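Across the two complexes that follow, subunit A remains constant while its partner is subunit B and subsequently subunit C.
After this line comes the complex of A and B, so read on.
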């Protein structure tokens, strides 16, 4: 038996297991047979085993360069760096479907393994949703996009991996992003299970919160890593280009962000139940929309690696999910009722509501920009491009409003905030907002919006810091140093303080975005070896251009000597421009010298001859903070998710 | 409590000074070089998918960049230069829709919908609150 037929057989086995676990669960409920339910659950566990082995078959084929498999031929070659053969599995359409199926099986295994007893009744429904979702991907692979498809005559060498993917980012960004999008099905299935059993109240909410936080953080880190990857390479429009493929990853994350906030309100006050159902449905449908755009959608994008002719299948699946959600919602809407209403505008509930409102608004603006070219073509018969200027100018103010709510919200109490509390909580943050705004107006000649954004960041940061200091002071007994009580504070209330740390990471990202959007300096220059240019406080000299030939690529490396204003050498930097003849494609890596104040960023955009080149030089202020935001984000999420021992909150 | 307040103030003032110093450290020079680049990032590359000519390395993009440089040296305004490309390649060459005709809906619709639904939300919340009171 060849490795390809083994892998394919395992896929067929998975398909049968999926069908069995769906039918077993549904019939098991009908005839209330415990044995059948148990066996359906075991069948769903088995999916993990079959898919791990099936995926291993494909990875093994890549490592052993088995070019008899078409997918391996299309995405690897003898001359490619061996390290990328381990990850080439998800470099194209078919393999990435297998990867997604694997992720679904892992996540459903974990979901079912750790499921709390209060969800026992809903479990069969959860199993059938998870297996149904997996069944879709496995069926598509078996009938339309088989990753194990083989050649009659085995080629000697493959075509190689897409040069743009041969980057360290390949190890983290695609798997995390795909995993994040695919696993939205977990909280989705939990909530559906609870709706079907008529129990979407307070049982199991902690479990939903945990799973959705996990999904949300995986997706968030995936997005940030993608941003970092795009930043180091020319052609993807910098750290964020509002490209369709980027947008379809962002939208579900935004809705999930709204969801993990509003689920807190449901837990605390028994409110927003219907709204939470809408949010999770929306997140799920948007994730399927992303899958559709990614695999053959009607809009153009700079990164369509999984593009295929399967667009209509995924469009169909998205429409089906949307219809399914709509029907479930209409049938069950009356069963889901909230216990309370918002009592006052000056309450924590209303701040959460505003947070949700602005997040949904940003999602809407993004979706509107994404589909507008189609609308324009349909109604005005004109082809238009909706690019970064639209998103920046429409989403910018809404993002600012969202940040503002992030600064005000934590100062409000649940139910209603008394005047005294309001004044004592907000006095310092609001006055700092005004002070920093006025100072910035004097210090900086930039647009008012940038000064405003920075002052709102000051507001949010001061709110968080004041909270921390006040709460640690309360914990401090005579003699304990403040930092001990601060650590105690965080450990004792991980959910809340983990959340604040995540807020700080969002501020760090915002600082980077403000720096690059409002304070960037960028020039295009032609430079010969030995020549110098000056930009900002830097003097940049091109010292040499080297050329290296490899089997599959021609690499040109430019090296620069960087001095400061007083002619003191800071560093040498090099950027490369690598041409891949078999793909007729160049991959251009920027030279970056980063520090907390600014990045010096040089792109060797074109080599004119051996001693002359074109380059784009820019100074990107504060971007360093954006990447620091990543680890802080992970830290905050981990603190927030860290389980309590034998104690329930 | 007063010690707490004074400590709070100290920390906050220090952190805001830090932020402001950081901002003012940033090299501050806006010169004409930016103008060329701004134009590049407003014009799409006609042969690539979703890239502006600022990012694209296609030879046509390089030619277009040269044309922009020439036109700037001829003293043309940004609008004139953009119009030049729009006439030749159509509206889709510009990275965002114009503020006229049907295309204005791309800008106005989201703003109207956001403001409208925010007002609606506030109105319905207020109605609920009044109901709860009476």
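After this line comes the complex of A and C, so read on.
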């Protein structure tokens, strides 16, 4: 038996276990057999064992460079740095499917292992949905995209890894994004399970919230890492290009953002039940849409690494999911009515509703931009490209409105906000908003929208800080030192204040976005060795161009000497343009000198000859803060997720 | 070696899947559900208490929201009693004693 046949046999075993756990769960409910239900649950646990071993077979094949396996041949070579073995595993369609299946089995295991007693009745349905989802991926692998497919004649060397993937960001960006999209099935299955039992009320909501937050944060970190990768390697000079692959990751994240907010309302006030069901169904279908676009959908993308001919299989699955959700919703709509209604426009519930409305609006604007070229080609036979200007001009103001609600919402009380409360809570933040806006309007020569955006950030930040200061001060009155009061405040209300820290991380990202969109200075120039270019406070001299020839690539490196206005040397920077003949692909790495105020960003876009090159130089203010937003986002999510020791099971 | 590995995995899976049919545990704490609803109520009330202590909520609003939580949880407990027949451990003990006497 070879390693490839072992891996494949384990996939077949997984498929059988999935079928057993689906049938066992459903028949177990029908005949009320606890033993059968438990057995089906155990079968679902076994999927983890079989898939861990199957994935290990593929990793082992990569480590030993077993080129008898087609997938290993296509995504590695003898000269590939061993450090990229993990990346190579999901660098193509078949391996990424195996990775997704592994993620689903891990998340299913954890979901079922930690399931609370409130969801006991729904558990068999949850098992069958999770196993059904896993079954789809395993079946596709077995019949259409086998990662263990072998050659008759073993090649001596492989093609190598896609050069764009040979980047530190690739160790975490694709796996997190794929994991985020795949694990949306967890909250989806929990809610669906509760609907099937006819009891989608408030029981189990904490568990749904926890799993949703986890999925949402995985997807969010994946997106942010993707931005960082695009900023450093692709040399687009940007962190976000509204590329279809980026958009299909963003849309489910936006809907999950709406969901984790509106589930708070359901938990606290027993409201928005139907809306929450719609949101989670939408997030699940959009995640399947993402899989379809990523795996050979009809939209052209610059970085779809898992492209295949299987796009229409995933389209079929997405349509099936959508139809399934629609039928379930129509049949069960009457069972999921809310306990209360929004009593006042000036209430926290109403702010959450507005937040949801804006998030859904951004999602649909993005979806429309993505599918419009297809519709146009299909019905009008016209090729249309929807680019960044469309997204920026439509989504920009909605995002601003969303930020504004983020600043106002926490100042509103649940149920209703009295006039006195409203004035006392909003007086300082709104005053700061106006003061900052007027100051920026007078002292900044940028468009009015940039001043407005910064003012709204001031509003949100002041809202959070004022609440922290006010609440800590109240606790300090009882004799506790201020810093301990602050920590106590966060520990006692982790969900709320963890959420505020996440809001701060969103503000940090927004600061970077505003900096690069409204305050960027950019110059295109052809430069010879020894020549200089001046931009902002920088003097940039091209000091040398080197060319290196490797087995798998030709690398041209440009080195720049950076001085300030007073001719004081700041640093030297290098950027490269590398061509990979076997992939017929060039990869550009920008030279970046980053600090909290601004990034000096040089893209070596073209090497004309040995001493002359074309480059794009820009000064990107405040981008550094965008990357600081990542760890702050993780910190906030962790605080928010940290459990309370008060359960009984 | 690889044959041995696949046989071991297969055996482990079969034993684990068949095990519930051989050993059937009947121990289910039916009161757990109710307990957890009450714990959730406690959690929601403690969140309100924290908000009151830190000055985010006024007393009036605190009372209104507390009433809402009471109402919401009470209706859940009522629904629970309708759907699940909860066996009180004391009731169970009395039943057991009665059975013993009868025997």
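Just so it is clear, the second predicted complex is superposed on the first by the 637 of 649 C-alpha atoms of A that agree within 3 Å, B and C clash if a C-alpha of one lies under 4 Å from a C-alpha of the other, contacts with A are read in each partner's own complex, and residues count from 1 in each chain.
Everything that follows uses one rule, which is that a residue touches a chain if its C-beta (ideal position, glycine included) is under 8 Å from a C-beta of that chain, and two chains touch if they have at least 3 such contacts.
All values reported here derive from a predicted model rather than from experimental measurement.
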Partners on subunit A (subunit B, subunit C) - clash or fit = fit
Does the superposition put A:428 against subunit B (first), subunit C (second), both, or neither?
-> first
When the two structures are overlaid on chain A, which partner does A:243 contact: first (subunit B), second (subunit C), both, or neither?
-> first
Touch check for A:470: first (subunit B), second (subunit C), both, or neither?
-> both
Go through the superposed model and pick first if A:504 touches only subunit B, second if only subunit C, both, or neither.
-> neither
Now for A:592: first (subunit B), second (subunit C), both, or neither, which partner does it touch?
-> neither
Touching A:2, do we find subunit B (first), subunit C (second), both, or neither?
-> second
Subunit A residues touched by each partner, larger count belonging to subunit B or subunit C | B
Examine A:144 and indicate which partner it touches, taking first as subunit B and second as subunit C; both and neither are also allowed.
-> neither
Is A:49 contacted by the first partner subunit B, the second partner subunit C, both or neither?
-> second
Once both complexes sit on top of each other, what is the least C-alpha distance from subunit B to subunit C, rounded to whole angstrom?
-> 12
Mind sorting out which residues of subunit A both subunit B and subunit C touch, each in its own complex?
-> 470
Subunit C contact footprint on subunit A (complex, rising order) = 1-3, 5-6, 9-10, 13, 17, 20, 34-36, 38-39, 42-43, 45-46, 49-50, 53, 116-118, 120, 199, 201-203, 206, 267-270, 339-340, 413-416, 418, 421, 467, 470-472, 474-475, 489, 492-493, 495-496, 644, 646-649
Residues of subunit B touching subunit A in the complex | 4, 7-9, 11-12, 15-16, 19-20, 22-30, 33-34, 36-37, 40-42, 44, 48-52, 54-57, 62, 65, 90-97, 101-103, 106-107, 109-111, 113-114, 117-118, 121-122, 125, 128-129, 132
Spell out the residues on subunit C that touch subunit A in their complex, using ranges where they run on.
-> 2-3, 5-6, 9-10, 12-13, 16-21, 24, 29, 32-33, 35-37, 39-40, 42-44, 47, 50-51, 53-58, 61, 64-65, 68, 71-72, 75-76, 79, 83
As the complex stands, subunit A meets subunit B at residues 234-237, 241, 243-244, 300-302, 304, 341-345, 350, 353, 357, 361, 364-365, 368-369, 372, 376, 379-380, 382-390, 394, 398, 428, 432, 435-436, 439-440, 443-445, 454, 457-458, 461-462, 465-466, 469-470, 473, 515, 519, 521-524, 536-537, 586, 588, 596-598, 605-606, 616, 619, 621-622
